[in-house]
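Letters A, B, C and D mark the chains as written, and numbering starts fresh at 1 in each.
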Amino acid sequence: VAELTAYCLMLGDDALVLSQRLAEWCSRAPELEEDVALANIALDLLGQARLLLSRAGEVEGAGRDEDTLAYLRDEHEFRNVRLVEIDCGPGPGGDFASTIARLLVFSSWRLAVFSRLVESADPVLSAVAAKGVKELAYHRDHAAQWTLRLAGGTEYSRERMVAGLARVWPLVGELFDPHPVELALPGVAVDPSLLRPEVDQVLDTVFGAAGLHRPEIAPLSPVAGRTGRDGAHTEALGYLLAEMQYLARSLPGASW
Amino acid sequence: MDAEREREFDRVVAAEQRVEPRDWMPDGYRKTLIRQIAQHAHSEIIGMQPEANWISRAPSLRRKAILLAKVQDEAGHGLYLYAATETLGADREDLTTRLVQGRQKYSSIFNYPTLTFADVGVIGWLVDGAAICNQVPLCRTSYGPYARAMIRVCKEESFHQRQGYELLMTMMRGTEAQRRMVQDAVDRWWWPSLMMFGPPDDASSNTERSMAWRIKRHTNDELRQKFVDMTVPQAEALGVTLPDPELRWNPERGHHDFGQIDWDEFWRVVGGDGPCNRQRVDHRRAAHENGAWVREAAAAYAAKQARQEGAA
Amino acid sequence: VAELTAYCLMLGDDALVLSQRLAEWCSRAPELEEDVALANIALDLLGQARLLLSRAGEVEGAGRDEDTLAYLRDEHEFRNVRLVEIDCGPGPGGDFASTIARLLVFSSWRLAVFSRLVESADPVLSAVAAKGVKELAYHRDHAAQWTLRLAGGTEYSRERMVAGLARVWPLVGELFDPHPVELALPGVAVDPSLLRPEVDQVLDTVFGAAGLHRPEIAPLSPVAGRTGRDGAHTEALGYLLAEMQYLARSLPGASW
Amino acid sequence: MDAEREREFDRVVAAEQRVEPRDWMPDGYRKTLIRQIAQHAHSEIIGMQPEANWISRAPSLRRKAILLAKVQDEAGHGLYLYAATETLGADREDLTTRLVQGRQKYSSIFNYPTLTFADVGVIGWLVDGAAICNQVPLCRTSYGPYARAMIRVCKEESFHQRQGYELLMTMMRGTEAQRRMVQDAVDRWWWPSLMMFGPPDDASSNTERSMAWRIKRHTNDELRQKFVDMTVPQAEALGVTLPDPELRWNPERGHHDFGQIDWDEFWRVVGGDGPCNRQRVDHRRAAHENGAWVREAAAAYAAKQARQEGAA
């Protein structure tokens, strides 16, 4: 039970935090069509997050609903990978190219996870995955198309795309590190270490078409042996949560 | 020849039929429409900002999803409306340039700040409500693409209005702090909402011609009265006080009387000195300028693809 | 009593919020000397804020100390002028020139206030003012020197300085609008409307030496007739407070 | 001639006297010092970031003031130390360029993130504590300006260390959540603090010559042992557990034994792949580049003033 709860939080937090990041583009995207598209992707991920956090709360059985889990957990209780929390723009830490690079990597990886999760012995996870694969396929496609455009557009956009990939690459390895929680749930959870060849192939296809190379950058170190999955995050997450949770925390007892 | 076309145009308009993009139309009609639809499109786009301001801080995931979807719809409305101007020969890039250079207006209501989450609900209720009053008649406007765009816009805005009102209802049933937030938001948005119908009829220069062309169908003051009459019972149901001591039912008129609008404030905000005018335009300009390299890349890529396909 | 409490909050919040803004430069200033100088100014203002908030709590007599007032009030309870809360850099809303422009205007104004407040019938206000005038004279001087350097440096820096002044100017008028609280405390509070000629003269001297003109930009409208002093702020303050107050609010009962 | 100067230099150093800027000194000594002092200066400057990360969020105004003053002191230390390198003929702009281009190092400890406010206290206690162990002997280092800078730096750092420890004491007396934060921070910072003394003596290439020149006075392992012995009773007083099961008093050695340091991690972080290496250098580079126009303006203004005074 503790493992299943933790697993739902892992996948739910990934979606919640990336959704929060993508929604930052809302009213700031390079063109209106992209305002619509990024909001759409953020909404899909938010939907996945709500189902997964609700499931986590249900399995845990301690009366925590999606909002309690989203708004009243502290930073070290968040189980998302560090990739989704860093600022890839529109803040000063990134730009549209790094947003696309992250989305390409993340949605390729998550699509591989969800494709297997469809077979999960947990009926809720299986249903969430079945709905999610279609969404994620669209996200991946959207990111791949922009990768081609930016890599094959102007000299400047190509530089940005290369830099964007370099920005996110140190955090890619973490996606495939199996966590004890995942290994403790055979038939229910997906072991991400098995997905690397498949995801690499997808990425290599996109990189090939875009004339890009897979970056050669070492992975970001864990902190005291812990990564995002263990609650050890980057300095970016604290700010993100402060903004996200402030109102909910400052009016305890309010209903919305 | 032109005189004959003009008679035909006048006949179509008077018969409540639709003018379509390929039909002949007077220059003034075309220009008036481009200006009006562009301002409407700009309003949708600028209008994303005050609400987007609360997406990251929405206090529940459900409200976050509703708000994000709503702001996304506004971007969508902007897109249809810019497309409608393009059927009249306008160019979206050119209109955007006018917006970010402050040469074309958008609805002044978006020059007010959203200070609490209750503002999200009040914008849905009052601002979308006023917009719907303004826009429902436009669903029968004489220019076809505009009328069709407005049908879709109005449908979605009614949905947004209901969501806004529902948020306020929920908040009014919540804590004392939440009720205070709602009342405070109503106090701040009520008068600007009334200003959304434009200056009083005796000071409105464009009304007469626009009505003849069936671009406009009611005067500003008529629409404003309709909005007040519609809103008063909703405020009562909600349990909030509208900040106008002179507001009361007048059985003789069969309408609510209401107090004097601060037209100085109206003109000040229209003139650029509202609480957020510079902020809104700066925000839009920054997004537009920061995104230029992305749009250039997409155009360059599309051109290369087209060349390759031509060569193959 | 209510008026004196409110007056202390007004002056205290001005200092607290501007201190928070200036501290954002820490580790981001254009040169190390300026990291030191801006931190120094932020510290002075933080010190003034602490004394004034403590005094507000003491006068109020409801047991609220400086931290309760700083961390547990909501946005609409903050009484600072809007000038101090807007982003003048290092965030995307400004740059070093607008930071300097704001500091020049604010410290010239506050020095004028404090010079009179030394005579206040309230002994604490008088003591805070006596200590503050020296600090504020230094802040004003620092800002004036940078105004000269930026206006008389390169063509680009001159453009930035002109733009920086234009950025803050719409919020200057609010500094001199007398608030009912100020008018209700003759002999205790300072009526800021009396200070305009003096402050204008100071600014005109700096502008004259820098070859700048006083901007001609209309003041920013109030919101429903209310400005910062009445708790009606810009959209910037909510984010500032979310960050500032988050930790204090998320661990109720903790002592630091 | 050089041989004679070198004998005189060796005599001065061996006699524990000070070498001053105008004195002759061997090239290797000068280069070693510039490198070491520059790295130290860089460490102060980069070291501002992990702590500045909490200024805006400090949970009380008193702690905010203490933290802001501390980070300001670090900028001040950086300034003295760059000034000391300039007495050796180095150029601050050039050293900064090396830093932001990743060509000169700084203390690896600052490549770890500060994840809670307890980290502020633990940095004061452990990181400043380790720095003091390293730096106290430098107050007697052979190069005068460096030694004098270190006296001031050490004094201020002792003060910071006490403030850090006091914060932790307060937190340990607070709520359960606060105690958990402190223990978690200690778990994360303990091993990196031990790494601050550098590689083990048998892997440290520069130690021997630096000791002969009286730039360094103790080996890495000696200082590390001293730090451990000093810290263990402080941890007990605080009520936290140091995350090392092998840590225990060895009465025969008269020192604490402790576990094996993860030198792979050490070299990985030194090599650039710690949790924050890129972030720290990017932050510094962005500040430097964003401030270039301001420094240029100041220089241009100073030049104009000088010309005017010359002309007058």
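In this text, a contact is a pair of C-beta atoms (placed from the backbone, for glycine too) under 8 Å apart; a residue touches a chain by one contact, two chains touch by 3 or more.
According to UniProt, the chain labels map to these proteins: B, D = 1,2-phenylacetyl-CoA epoxidase subunit A.
Computed from a predicted structure; not experimentally measured.
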{"item": "Chain pair, B-C or C-D, that carries the greater number of C-beta contacts", "value": "C-D"}
{"item": "Whole-Å gap separating chain C and chain D, where each centre is the average of the chain's CA atoms", "value": "35"}
{"item": "Chain centre separation (chain B, chain D; CA means) in Å", "value": "58"}
{"item": "Length of the line joining the C-alpha centres of chain A and chain C, rounded to whole Å", "value": "40"}
{"item": "Contacts with two or more other chains, residues of chain A listed in rising order", "value": "74, 92, 242-243, 246-247"}
{"item": "Where chain B touches two or more other chains at once, by residue number", "value": "57, 177, 286"}
{"item": "Full enumeration of touching chain pairs", "value": "A-B, A-C, A-D, B-C, C-D"}
{"item": "Residue numbers on chain A that touch chain C, as the complex places them", "value": "74, 92, 239, 241-243, 245-247, 249-250"}
{"item": "Chain C-facing residues of chain B, complex", "value": "50, 53, 57, 112-116, 177, 184, 187-188, 191, 243, 265, 268-269, 272-276, 278-279, 286"}
{"item": "Residue ranges of chain D in contact with chain C within the complex", "value": "45, 48-49, 52, 55-65, 68-69, 71-72, 75-76, 78-79, 82, 117, 167, 170-171, 173-175, 177-178, 283, 286-287, 290-302, 304"}
{"item": "Contact footprint of chain D on chain A as seen in their complex", "value": "74-76, 92, 170, 218-224, 232-235, 238, 242"}
{"item": "Chain B-touching residues of chain A, taken from the complex the two chains share", "value": "16, 20, 23-24, 26-36, 39-40, 42-43, 46-47, 49-50, 53, 66-67, 70-71, 90, 95-96, 148-150, 152-154, 156-157, 160, 243-244, 246-248, 251, 253-256"}
